[in-house]
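Across the two complexes that follow, subunit A remains constant while its partner is subunit B and subsequently subunit C.
So, the complex of A and B:
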């Protein structure tokens, strides 16, 4: 990874599982943020979705989704205008091949600036069978506040399981 | 016994990690989100089923007109 990337914080879910992973008090000293995750939920499905929010906000989000699931590809405007969070990035569910985890990345440029925050998501589930999903998601949080916290939530009232990890990187445009 | 839902909070200024129970608001929001997602999935499944039924119906009508299976397949390529 380039020298301009710096790991700000990382976490690994313990044996009890976790409903949310939350990074708080994010310093405003970088130009961009980047999250890499390896996650699996205990939802009884092959893949599950993750809810993304920042600053504990439940408004002004929008997303556009492009995905393929092994048999078809499609694009969508999830929620038809629902703005309470970003909801269509993906993780493995409990019915995916045992001991496999989805991986994904979240890129947030200019997170500390005073313009709206565009966010890109890239997620891939892992499954040794036909059904799996790859998704690209373009999101925006139409608020001018700096991002100081980020929350990833397991949807469908599920937990992220043990060994799931997420790491938050800060990116500077100088070495 | 009801499971206590917890979250991991990583404070980036101190690097300290804490595990705390979800707030009542967070639990309520989870339920709203789960309902919404189930609704979205049901809509997607209904749309896929309607599309498959329309395709099967169209193929049956074409077969009734005398087209072979290969000819019908060629139409959708």
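So, the complex of A and C:
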């Protein structure tokens, strides 16, 4: 029986932290990619952004965001249409409740095809306070190349802290 | 090792088409996941599912949506389909993608719900919940836009998940 859903790689950040989590040499043998993460940064904030890039590219991204913080919901085009990366996946920062990590998922259908790459992001922060964030994000990388690497980078040159994890899964549509 | 996540069927359109139907779905899984990739600019309207060829007003839809400017929520009762995407006016440079989870689809006791996420980076983000007021096991799923055709190159894949 075909293995439809397979872990390609997983990363757990060790002591000292890590500026980024990167999956490289992603084979084109799957249909879709799926990343699940549990992350916290050392940025001096309650919530922080994660910078998402593929193939080390710094152009042709676009995103739209829908989010709620526990009291209101809003939608935005982050960064006024910034195209250098996708930035509005959320993580917990150093000022969030101790030992809490943000969770998120990233789904990339048809990542090895020749169409532009549409990407779905869901993320939630955790915090023992009145405000926490649930965010849904529509992203695109308007390039026809296959995605062969994915990088999650801490915002403002901060680090992901120890025990942060991210796993890349490949999904095959082999019947 | 038991395979808990299987591909049941997949379709890539070789030409523009008004709908895609997965039929004879086995009841041997616990949940279904449908992944839809609509190629660029092929439709300009909402997308729906119908189960078991039911075209009656037996569906309810709740939508949470952001278009890049405002967040909104809507509710439709007695609809004729389970809406999973509200991507009006997509541009030529972006595709619609949707991931739809259909829970406990094979039981014959409860009405059927699904949760979906759909995106188009040029038009917005949708999170939707739908109800099909029918206790029958789901054996077929039809995917279709409210109007127009889905372009060549669009892909539709149905996965089954087993809770064992």
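By definition in this document, the second predicted complex is superposed on the first by the 171 of 175 C-alpha atoms of A that agree within 3 Å, B and C clash if a C-alpha of one lies under 4 Å from a C-alpha of the other, contacts with A are read in each partner's own complex, and residues count from 1 in each chain.
Heads up, the rule we're going with is that a residue touches a chain if its C-beta (ideal position, glycine included) is under 8 Å from a C-beta of that chain, and two chains touch if they have at least 3 such contacts.
What you see is a predicted model; the values in this text were computed from it and never measured.
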Given the touch rule stated above, what does A:97 touch, subunit B (first), subunit C (second), both, or neither? neither
Is A:11 in contact with subunit B, with subunit C, with both, or with neither (first, second, both, neither)? first
Figure out whether A:82 sits in contact with subunit B (first) or subunit C (second), or with both, or with neither. first
Subunit B versus subunit C as contact partner of A:65, first or second or both or neither: second
May I ask you to decide whether A:142 touches subunit B, subunit C, both, or neither, giving the answer as first, second, both or neither? second
Which of the residues in subunit A end up touching subunit B in this complex? 8-11, 13-14, 16-27, 49, 51, 58, 78-79, 82, 84-85, 87, 153, 155-157, 159, 168
Residues of subunit B that touch subunit A when the two form their complex: 5-15, 17, 19, 22, 26, 29-34, 36-38, 40
Residues of subunit C touching subunit A in their complex? 3-10, 35, 37, 39-40, 64-71, 73, 93-97, 99, 117, 119-125, 127, 153, 155, 157, 159
Within the complex, which stretch of subunit A touches subunit C? 1-5, 31-32, 62-68, 73-77, 107, 109-110, 115-116, 118-120, 122, 136-140, 142, 171-175
